[in-house]
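First chain written, first letter: the chains are A, B, C and D, and each begins at residue 1.
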Amino acid sequence: MNFSSDTSAPAHPNVLAALARVNTGNEASYGGDSVTARLRGQLAELFETEDFDFWMTASGTASNALALSCFCPSIGAVLCHDAAHIAIDERGAPEFFSGGGKLQLLAGTGGKIGADTLAAALAQIDYGFVHQTPAHVLSLTNLTESGTAYSVAEVTDLAAKAHGAGLVVHLDGARFGNALVATGASPAEMSWKAGVDVLTFGLTKTGAMGCEIIMLFGKAREKWGELKARAKRSGHMPPKMRYLAAQAEAMLDGGLWLDLAGRANKAALKLAATLMAQPGVHLVTKPGGNEVFARLPEGLAETLTAAGAKFYPWPDGSHRFVCSWATQDDEISAVATAMG
Amino acid sequence: MNFSSDTSAPAHPNVLAALARVNTGNEASYGGDSVTARLRGQLAELFETEDFDFWMTASGTASNALALSCFCPSIGAVLCHDAAHIAIDERGAPEFFSGGGKLQLLAGTGGKIGADTLAAALAQIDYGFVHQTPAHVLSLTNLTESGTAYSVAEVTDLAAKAHGAGLVVHLDGARFGNALVATGASPAEMSWKAGVDVLTFGLTKTGAMGCEIIMLFGKAREKWGELKARAKRSGHMPPKMRYLAAQAEAMLDGGLWLDLAGRANKAALKLAATLMAQPGVHLVTKPGGNEVFARLPEGLAETLTAAGAKFYPWPDGSHRFVCSWATQDDEISAVATAMG
Amino acid sequence: MNFSSDTSAPAHPNVLAALARVNTGNEASYGGDSVTARLRGQLAELFETEDFDFWMTASGTASNALALSCFCPSIGAVLCHDAAHIAIDERGAPEFFSGGGKLQLLAGTGGKIGADTLAAALAQIDYGFVHQTPAHVLSLTNLTESGTAYSVAEVTDLAAKAHGAGLVVHLDGARFGNALVATGASPAEMSWKAGVDVLTFGLTKTGAMGCEIIMLFGKAREKWGELKARAKRSGHMPPKMRYLAAQAEAMLDGGLWLDLAGRANKAALKLAATLMAQPGVHLVTKPGGNEVFARLPEGLAETLTAAGAKFYPWPDGSHRFVCSWATQDDEISAVATAMG
Amino acid sequence: MNFSSDTSAPAHPNVLAALARVNTGNEASYGGDSVTARLRGQLAELFETEDFDFWMTASGTASNALALSCFCPSIGAVLCHDAAHIAIDERGAPEFFSGGGKLQLLAGTGGKIGADTLAAALAQIDYGFVHQTPAHVLSLTNLTESGTAYSVAEVTDLAAKAHGAGLVVHLDGARFGNALVATGASPAEMSWKAGVDVLTFGLTKTGAMGCEIIMLFGKAREKWGELKARAKRSGHMPPKMRYLAAQAEAMLDGGLWLDLAGRANKAALKLAATLMAQPGVHLVTKPGGNEVFARLPEGLAETLTAAGAKFYPWPDGSHRFVCSWATQDDEISAVATAMG
């Protein structure tokens, strides 16, 4: 009954097998290896384009901050939801990597930035007014921090508005697979076709050991050299890159990552149904992926914890339960049993 | 004949096996896992002390920069050799992590800072003179960038001088194992017993996939909380820390890391002897570890390259050959053959 | 009818005379001059203490950012009102000077942080939780950005709460004189006696050419050396400091600064009364100092502008009118005339 | 006998008079005032071009660091002489303003970077090699830190080399007037006509109270908006800009600044002759401006100090004597007398 986070799950065995498979002979360091080269082909096929560059890190915080720092100057700001991971959970990483840039927080229900809220914020931007710190980037998160999924249409609309005001669009896809399964969208539809310029394509929570791919699409590729320099400078150019690439290769091979995301989403739906069967339980939002946010009647959190369940209280008074590829059916049955 | 770098070698199979071994069940994220807890015991035994804290990253650049940034304020400087990795090869990582601190470069033959040079630099420090950027940290590298090894006595002397002037002492031990094998010193003797306050204990070049341990000794432990905050903020707190800890565990288990460092050092000695057998070849410095710096007679570099050997020209006009745990005897014989 | 800002006013003639008076002979550079030495005595008398250190800059943004950067580490945050000058009008200066620290914005009516809001924010601080960016400093503004004045009791209460949670208390006193005149408090009562550790004591808006004094009280004096280093490093240690000190000396001499603040406050009250005499005009807040925020009936802003009045629309839909020491009675009469 | 620095001199009376002259009525803040507008015309005439933008600060350190930070990204470096003020005397300001960029120090006799040294440094730049921190800017100083003057031909040659490698050329002209008088060059000839893209045009040491103009020429004007944003963010946009502009206006009016620089240079020549008349005194370099660097026979420094002379020992073992516009003939005679 471990629903604390999808980061507490192990890696899928295929990932480990891939590490062992590439662990032979010499390879050029710092991304010049043959595994990374092969991965490029896989990504091209997956995203249905050759018009991209990419870099890998082992950390979502790093990938987000590197991506943002290439597009938000130190004298600029990033628009994001006020519950965004980059705002709440990354200890100021965007500010650090950008050299003191700002985050401008936008409110929005269900973890989503509303179109009107965005439009109002964009309307206030005045690059010529020197006192203000104007936004240069819009950062969206899909799956959102509230467990909901933006549709392709929503991302497309927000991105178009941002582009209209001259901003670059970043998508934090730490749970990209979960969002795709939830919406039925393809990777291309949910990224560059929807107007995403730079994507943090997360595989760690989905089932890798630690692998997050920064994807630069189209015009954003101009920053490819700068991205590598910033990666080096921040310690995110580990010499033996083949082991990052091997993880990604294993996850993408045969669509494993989407299978695993699908398993996690299905487990979450089942867990949600199980919780809802208990009187007094209310879902905060309809689960869009692998997370369930539920308001529990008095005493239930304690009962579940006493029975060995792990999950976190959330700032809004609800509790968060996260399922992963490794969540077992009997963990969910055990919740039902514990609730009596 | 791949002597390009010890980072082009694969990981030792035990490291991969350890990853697979810990790849089961849920574990707390961000260093709260059982593997990291076990590793603490191993490190205590290895370094003969309980008076330490540690953090792991996958990158030597990151470990050095994190370590330095805890002790060098943005208004301060780090003393280091003018060929130090932190000065030449890390794209300004120390400056970035410290918020704009400076490196003050000291000359020195054979990759070593001379005692007199250090003393002269220390004598110039005036913390009250606001125009100057005074040094707060001395950073040594062992194995040095020239392939030589500082003795325990040398480190002790330099560290004592630095402490006398109020500085903290950092040791970049990207090739710590090679230096220990070369000098016969124990980990404790070459670190905290010699006056090292913070150590970058590298295992990647020795044979891990990617694992560098930052060790804080004694009074330096005050910075433990700050170190973790800086690690988080810079993306060096990957959620699934167990896989970093497992690498270290496998490397330390049974002294594997020192065996592997010993193999690399032995290969370098053999390669040096092989090269020296050729008329006109001169070693720049007597190899102290797993690196050979040789001046080659005209045409020899081209001959070796044509035969398939990989190695790098060095700024001083020599060529650098690096051996690793995976260097094969027949790679060295092939050099002999190629030289004719 | 120029009510655009108190920064558009000229300097008081005494300030210019003081510049001329010190403009003779050689003086030590960088704060070692005799004028700066004399000023220390004046400040001691004014603030009724010898337990302080100070530095001067020509800019309020610089003084705030320098003050904050000495107490908010790059991994920390500053609590402030969401309309604070440091948040809205300084182009990210606090983030820049602190090396990427964050501002945590607190809502509050009338430009003031409510005691409960502060208490709630303080209760969430967990220095051991590495993902969060915890606050290290509380920054208050008095006169507030809404033109109201915190009472000594309010500052004392907020400061006590902040100290109880381990924070340092900063007061942005760009309009400190206006707040003192409005509340009848003495400089000591509104600063260190109320728990303010570091004060930006502004004289520019009051009538100087450009002079803002950073005052460190009590334990905050530990940062005196760091403050000077940061001032040097950011270009806020102009060589000929005597001319900054001379401005302050002239302003403090005989209480000129409080006289000038009183004139500005009185003008604002008169202007407020004049505006209120017009049907449909409503004050947003009761003026606490030299600023008037008024909601104007449709067409009135245009009428006043057409008549030559200068003032700014405010984000909340009201208009801001600022009086200065140099505001003339006939400027206010002209407003009455223009309104018909 | 105060030869400590030209920054210990007072301002020229015309400067003070100009301050008083503009001290009337309201003026737009932050550079929108009429005095700043007039100054633009003066600068256009002086530099024989309209193809420029400018900003003013009260500090040479600030002007240099702001200028450099617009052209050197945080992942880049600035080439400068190893005795440059930006390297030695600014407490890491360039590193701070650039967000952690590096200075790459070049040796050179007489305070000048040699053409060959520069060419060698430029040849090593490889923007595609991610480990290196490549130079983006060449920063020259004229008058140099050794008191010598680069000729127009020398600046032109160095700038052409830098441009050839894609670098931007900055000139630190803290003593620009002294260099012009020494070489007979016009402002245009020594700046944009020689290939200088961005100039710190210093007037403080020449006789202002505190005024240093950043001049962007030609293509460098693209950075005008960024320069203002960086100025605001670093506290170098004081609200009452008219007082900076008035200083510059007074200094430029009728060529006062060049007259004053000429006086200082003449005094230095006279002082040099006076010192040379003493047996055992040797000049380190032939004075190019208002500074004299002399090696003194044993005991002479003490004798002069005892007689009341002020001057500084220099790191190379010599002593530095600086003359200013305010240096009096009898101060120099007093030196002769003191030497006996």
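Note that in this section contacts are C-beta pairs under 8 Å (C-beta built on N, C-alpha and C of every residue); 3 or more make two chains touch, one makes a residue touch a chain.
Keep in mind the model is a prediction, meaning the values are calculated, not measured.
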When A-C and B-C are ranked by contacting C-beta pairs, first comes A-C
In terms of CA centroids, furthest away from chain D sits chain A
I'd like to verify one number: the distance from the centre of chain A to the centre of chain C, where each centre is the average of its C-alpha atoms, in whole angstrom.
42
Could you tell me the distance, in whole angstrom, between the mean C-alpha positions of chain A and chain B?
33
Distance from chain C to chain B - Cα centre to Cα centre, in angstrom
50
When you check chain A against every other chain, which residues touch at least two of them?
74-75, 90-92, 96, 99-100, 130-131, 229, 232-233, 237
Using the touch definition up top, name the residues of chain C that touch chain D in the complex.
2, 4-5, 7-11, 13, 16, 19-20, 22-29, 57-63, 65-66, 90-93, 96, 204-205, 209-210, 229, 232-240, 243, 310, 326
Quick one: in the complex, what on chain B touches chain C?
30, 73-75, 99-100, 127-128, 130-131, 225-226, 228-233, 237
What residues on chain D touch chain B, complex-wise?
74-75, 77, 88-92, 95-96, 98-102, 105, 130-133
